[in-house]
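Paired with subunit B in one complex and with subunit C in the other, subunit A is shared by the two complexes that follow.
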Partner chain A sequence: MNPVLVLGGGPAGLSAAAELAALGAPVLLVEKAEYLGGNPKRWHYSLLAPDLTPAEEVMGPLLRRVEDTDLIERRLRSTVTRAEPRDRGFRVELSGPESSGWREVSSVILATGFDHFDSRRKYEYGYGRYPALIDFKEFEGMIHDDRLTRPSDGALPKRIAWLLCVGSRDVQVGNPWCCRMGCAVSIKQAVEVRQKHPEIDAYVYYMDIRTYGLWEDLYWKSMNQYGVKFVRGRIGQITQAEGGKRLVATGEDTLLSRPTEVPFDMIVLASGMEPGTGTKDAAQIFGLHVGPEGFLTPKLSDLNPVDSGRPGIFLAGAATGPKAIPDSVTEGMGAALRAYKYARD
Partner chain B sequence: MSVVAHLPRRAPAVSVAAEALPPELELTGRRAMSPEDRRTAATIFQEFRADPRHHEFVLGCLNCGECTTGCPAARFYDFSPREMLQIAAVGDATTLWDGMQEKIWACCQCYTCNMRCRFGNDIAGIISVMRELSVRHGLESTRKVLAPFNRSLTLLMTVGTQVASDMIQPDFFKDWGPFAAAGEKAWAADAELLRRAIPIDVLQTTTSSWEVSVQTSLELFRIYEETGVLDMLRGLDPDLTEMLIDIIDERREEFEEARGRYRAEIEKMRGPVATFTG
Partner chain C sequence: MPIVEKSLVEGLQRTETLEVEGIDVSGDWNTFIASRVHTDLDLSIVDWVRGQPQGTTIDRCWQCGTCTAGCCLHTDYGLEEFNPRYFIYLAQLGFEKELARYAQTVWRCVSCNKCVERCPKGVKVEEVVHSIGTYLELSGTAPKSPADRFDEAYTRNLLERGILDEAGLFQAFEAGEGRTLPTREKLRMGLKLLFSGRLHTGPLAKRTRGWGRLRPVLERMLAEDLAGRRRGLPSRRPPTGGP
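Entry: the complex of A and B
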């Protein structure tokens, strides 16, 4: 059997590759970064919502399953540049430091994932200009390493705010969808901060809290166990104060119908999820349909969410829309099964 | 085609009992309102919801409050663009009536709320629709709020503008504009003080910008007449309206006279010219 091409080495791709190997199928795992693990690895995710499991405890075993087998040929810093359908399977052109050139593959799983929204595009917040304004993907690394220092002077912050829905649910930046993760991850970060430093005040500015399903527990717990405070309303603009030492968040407390202006030592922006550049490229190379949001669209999203609609091409993870790690892992498994069946028949 | 011209004009005020209103316009919580006010409020509500702009400007609201954050009026008054959009989107006749009293006039129509709105609502636009209705129906509060602005209104109606381009003179605003950084730093440091020393006449007197040609002025007024703007104003301030009509009548005579003279001159020189239809 020719190997199954798995494009993308994040949670969904790793899960698909590991599952295929478990079925005894050879896998060609192609990842454009120089490491496996996708966004969780890239940004040093700390604890994962909602159960506060360390990211390593989830990604570690997944990586080991991929690395501890000869059935998976791993190609890092590599991309697929061209693809041609064969009678069965595909011929794909690889480009990378270790091997370039055409390879025969039996089927394809696209697990090309997402990119975090670039918060500079919401210029009124000042991300990129104010050192005390932090994107929550960077904040993950900060709490992971317990480097909770105010960038301006290295002091421990006294008051931190989280601003949800930055680059999500916003037609001004062309992203009207919900990122699904921002609420839970921000609340999780606030909890993590309060666990480590109970003296820090944590405020979350929100317009809706979407800790859906059983994740709601995290939201409640954040208040009744960790004392995280929630303000219903958005910070609409941020300015620097005390010579850039602190930030002043201007917003409206919509429940009190009053404008608010609150100084913070640090403000964390919950930047949304956008289709990754790899996802856009893959759509073009494999001639797949993308939805109005730019994500790949399964042919029957209810009945078969991992089927692209083109024979032999399967989809998994955040390539088809914002997704949590457990969902990506599950889809990786589903796509592996479908791809295996296609390759074997 | 002007939307203004096709909206129903103000109906004569007749007292109608609240019971006679259709159920969806029944006013609640406003027992103290006079029957006239109740009737006007119901009519306004009906017109407001039927206005094609309502469907275009009001799309939906996540109540995030970013509009209010950027709103200069919200800093100084009990005013919130988010609240105004809520009134426009889900408010009943009474709520709309309340919102259309002094509140709509706090807005400075800078459109920052529109720029901030992540839903793409035209908040400043829907506020201007409310203003239009409040003028059309001659609300007492509107009359009071607008009374001090008669001078501006007179200029707008007769000349078309009340701000002249030479009112803001570069000499007194050296720290503004694209060349602000070029060697005016010393001046900018004391700008606040220096600006206070500008003689008030310099700021308010203009030499050329308000000199609009008579023909332009008449064409403008014709537009106000034809689109119903003048009728709208009459409901609010009949005296001012009569005064404006007097001013314009005089100009019309002046214009006719000038045209006659001009024609005679030309005919003397070159024979008959093509008839001007103004």
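Entry: the complex of A and C
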């Protein structure tokens, strides 16, 4: 049996590869970065919402399952540049440092994931210009290593704000969808900060709070146990104060119907999820349909969310839309099963 | 408990004499606070605004407050009652009475369009707010302000003879407002007008040449313009004037 091509080494791709190996199928795992683990690894995710599990405890076992088997051929710093359908399966051209050239694969799983929104595109916030303005993907690494220092002077911040929906639910940047994670991850970060440093005040500016399903518990806990404060209003602009030492968030507290201009030592932007560059490339190479948002679209999103609609091509994870790690892992399993069945028949 | 700062309470109703079931309760007890409960949800305003070219995006608003946050009047200038998010909210749900309180404020917008630039939902905030103001003006929901009444007196005065009769305008406006300036002041202004050749009142009245033919044309134009702007307004409510 030719190997199953798994494109993308994030949670969905790792899960698919590990599951295929468990079924005894050979796997060709292609990842464009020089490491496996996707965005969680790249940004050093700290604790995971909603259960506050350390990211290592989730990614570690997943990585070990992929690394501890000979059935998975791992190709890092590699991409697929061309693909041709065969009678069964595909012929794909790999490009990478270890091996380039054409390979025969029995089926394909696209787990090409998402990219975090580039917060510089919300120019009125000033990300990239103000050192005290942090993107929440960077903040993950900061709390993970307990480096909670204010970039301006190295002091411990006294008051931090989170801004939800940066680059999400916003037609001005062309991203009208909800990133699903921003609320929970921001609240989780605020909780983590309050756990480690109860003397830091945490404020979350929101339009709506979407800690869906059982994740609501995290939202409640953040208020009841950790005293995180919530302000209903979207920040309109951020300016620097005290020579760049602090930031001033200008907004309307919509419950007060009053303007607020509150100084913060640090402001964290909850940047949304966009279709990854790998996802866009894969759609082109494999001739797949993308939705108006730019994510890959399953043929039957209700009945068979891992099926691209093209024989032998399966989808998993955030390539089809913003998704949490558990959902991505589950989809990786589903796609593995479908791809295995297709390759074996 | 007595209300100490009565002047600060909004909507006070006062009666000098009041009798309830045969008992005189006037005196210290004659002050009542009007109910603050909203009972007037009426969607005709949002229906009308949506139908205007400037108002089509009103339904997109979800009250995040980004417009108000960046609004130069609200935040920078400190005009707190100018709150575009709140205006749109009131219009969307049909809180006409509450909205009528802002009928004058709505027009303070300087059209900097920061709100339009930033609105995550693509609401044309500046246009929608102006459309709401137009509705309040045309429907007569809000009482007319002294400025509105002055505008009307000015137009009437000008239409009369095609040349402004400043003294007559002042008299008419003054009578309408029910207050007068001291005679000495009026005399001083009258003399000024006389010596500068602008006193066209009474026996000194002038008339623009050919005004008899021009006036009906202008009047018809104004009437058509108003009818056009009133199109689609609910007919149940006749425009009201007065303070």
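The rule is simple: the second predicted complex is superposed on the first by the 345 of 345 C-alpha atoms of A that agree within 3 Å, B and C clash if a C-alpha of one lies under 4 Å from a C-alpha of the other, contacts with A are read in each partner's own complex, and residues count from 1 in each chain.
Everything below uses one rule, namely that a residue touches a chain if its C-beta (ideal position, glycine included) is under 8 Å from a C-beta of that chain, and two chains touch if they have at least 3 such contacts.
Just so you know, these numbers come straight off a predicted model, no measurement behind them.
Trainee: So, on subunit A, is it clash or fit between subunit B and subunit C?
Mentor: In the arrangement built by aligning on subunit A, the partners subunit C and subunit B clash.
Trainee: In the superposed arrangement, which partner chain does A:Glu93 touch: subunit B (first), subunit C (second), both, or neither?
Mentor: neither
Trainee: So in the superposed three-chain picture, is A:Glu104 touching just subunit B, just subunit C, both, or none of them (first/second/both/neither)?
Mentor: Once the two structures are laid over each other on A, A:Glu104 reaches no partner at all.
Trainee: When the two structures are overlaid on chain A, which partner does A:Glu73 contact: first (subunit B), second (subunit C), both, or neither?
Mentor: A:Glu73: touches no partner chain.
Trainee: Contacts for A:Asp281 in the overlay, against subunit B (first) and subunit C (second): which applies, first, second, both or neither?
Mentor: After superposing on A, A:Asp281 lies clear of both subunit B and subunit C.
Trainee: Does subunit B (first) or subunit C (second) touch A:Arg169, or do both, or does neither?
Mentor: So A:Arg169 meets both subunit B and subunit C here.
Trainee: Using the superposition on chain A as set up above, list the residues of subunit A that contact both subunit B and subunit C.
Mentor: Touching subunit B and subunit C on subunit A: residues 124, 165, 169-172, 207-208, 233-237, 250-254, 257, 259.
Trainee: Applying the document's contact rule, which stretches of subunit A touch subunit B when the two form their complex?
Mentor: 124, 165, 169-172, 207-208, 233-237, 250-254, 257, 259
Trainee: Sort out for me which residues of subunit C touch subunit A in the complex.
Mentor: Residues 62-71, 74-75, 80, 83, 85-86, 114, 117-122.
Trainee: Which of the residues in subunit A end up touching subunit C in this complex?
Mentor: 124, 165, 169-172, 207-208, 232-237, 250-254, 257-259, 261
Trainee: Touching subunit A in the complex: which residues of subunit B?
Mentor: Of all residues in subunit B, those touching subunit A are 62-70, 74-75, 80, 82-83, 115-120.
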